[in-house]
């Protein structure tokens, strides 16, 4: 899942949107006044998400079908899981961000970004490579005003828990599933990374449930 | 520099306060309604900081003299720079946080937390150990509701730049010193870590200027 | 550069052989009594290497042309530099090693295996992914007796320095190029990894010149 | 456990010697012709080790009582487990090594050198700090000819298994305890690090059983 937001014209594109994290991030950026583009393979489901966000957040939301893999062979499947998809996406948005001297690209990693797992070499190769990509692009493009960060989500993401009381913001226990992360809570951290002052940008951050 | 905040009674203690990062964090927590205790060796300077924050943020601020080292021998100086000071501080506040089931402890590291530097073995040993302490305490106390995070500040921190226009929050260039971080901007990230939902807690985050 | 050695039948295959590290490793394994297969794109040069080793070490050496990329498009170039080539190679030799319950696969990384570099995202993605592959295969196949290690060569490799006296093995300064590694010295470490007892296997090791 | 060897005069000092790893390293260096000094708290046991090595390896072995902690208070216990003991030891031998332009210092870490463990903050702080010390000293003293390396032993070390046949060197299974490392096998890697050419020095290496 990758998020790219540009403050000029207030457009946020979220690539690889499913019902949890991607949807929560799209909703958060819409809530903050951004025009949102959500991209994934399943256009039917994506359109439902777009309608839901547009209705609830009074925002403009575009659903766009994308197939990062578009592949038939094993070789191409390998690329899809690898950082090539991310690389292609970044290639699309970086020139405009550099021209405007601002923009944010957020890459999503997981525990497989840091440690190999027996039997999961494709996942791990792809996630290690994505982390490399994030570091390379940060070093190249941050001096030009484009913030590039890598979020390591260490654990499972559940559905959002929206049945909470008013002052739950700080450290109240939510009693949700044991060790399952709330995508709305994760979206707050994505948003924080986006609004960080360029004098104090994060390149890498991890996130996990308190129960882990 | 270590920050410990408890939302019960809204007290934030900042240990090792100087004119830049510590002061900015104290000011941010005061601004958000916290009673603030600032601790350092130089009580005279500390009292000036306390008066300044109290006046500008209409907050209650306590200045407390602390000497983490209190030492004369090289051995004790080693301890001071090491994680022992941090360990002692954490020991003071953890029991209350565990009892209340909430609280935040934020430890500040730097590039010496990750890589040895020729001729700086005391600094590096202390910073590596502080990172270890942060990981150990996080694994032990996060399930009990205490959020423990380690912020790696990779670069120099300058004085705050407060002469900016209104909508500078997002990604506007600030034109400050080249590669020098604004402590007010860093304080925003400390605050964000404190208000993270316990379903999505960060254990480690790095921060640097876009010009690095 | 990847090395794969099997003690059954004493065959060592070195993939990606050039005049420095690959050649030194081939020579070392030949010297220790292994039949050696060297693989690279340039069959002419490879044949000269094979003749040289066969003559000097009285060993059987096979030169085999291999084109890991065999590609024309940018996409395929990306694969070549990525871990896919390594993955394909490992796929060829692992089944036999598992069947025999022994074998060694050594992957060669560099500083780009650990840190992103501005403008080198293809190199870094590939090297990060290769490290992931090494960790995944180690976790999966080491319990079955196949030793898989990743050597991070941090610096430049020069031509071998063979003009030294007899007992230079230990810690004698060699006065070679400043900060340039001797491929014969590196080959000693590759050999040591191969002969490590399976009760004490290394997964990752770094190597650099003392002058760095 | 720390090992320091100087090829001038062929003296190897092993600090913190117990019946497994320390004893195996002492035996290996004695076997290679070194005069060996073994240091630990329990002089009685140490003397038995010295007699055993002297008899079996026809080597000169000195048993020296050392108490790295020599402490009564918790504070001092913290230091003992920390890198201070290692720092003191290194301070003793570095000047002579620098003067001679050669020498090797090998520090022993474990999994607690890399990751915090709940409830083990003293161990982890000490092991993180030891790793920092190793990196700092390497960067400072390697250009002067002193090789400094950090071995991360990831797992339990059992008693040595000496009942093996002749050609067990390579990859033969030893059938020892499941996942327990053989200290004699580890000592081979310590020896290899000591004899590495200074054009290709390792700073960090991990070791574990194939069964992990």
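Observations
Read from first to last, the chains carry the letters A, B, C and D; within each, the first residue is number 1.
The criterion applied here is as follows: a contact is a pair of C-beta atoms (placed from the backbone, for glycine too) under 8 Å apart; a residue touches a chain by one contact, two chains touch by 3 or more.
This one's a predicted model, so the numbers in the text were calculated from it and none came from an experiment.
Counting only chains that touch, the fewest steps needed to get from chain A to chain D is 2.
Chains that touch both chain A and chain B: there are none. Among the remaining chains, the Cα-based centre furthest from that of chain B is the centre of C.
Chain centres here are Cα means. That of chain B falls 45 Å from that of chain C. Chain D has its Cα centroid 37 Å from the Cα centroid of chain B.
For the pair chain C and chain D, the distance between mean C-alpha positions equals 28 Å. Shared interface positions of chain B, defined as residues touching 2 or more other chains, are absent.
Chain pairs recorded as touching, per the definition above, are A-B, A-C, B-D, C-D.
If you check the complex, the residues on chain D that touch chain B are 75, 78-79, 82-84, 87, 112, 115-121, 124-140. By the touch criterion stated above, chain A contacts chain B in their complex at residues 7, 101-104, 142-143, 145, 147, 161, 168-174, 176, 180-182, 184-186, 188-189, 192, 194-212.
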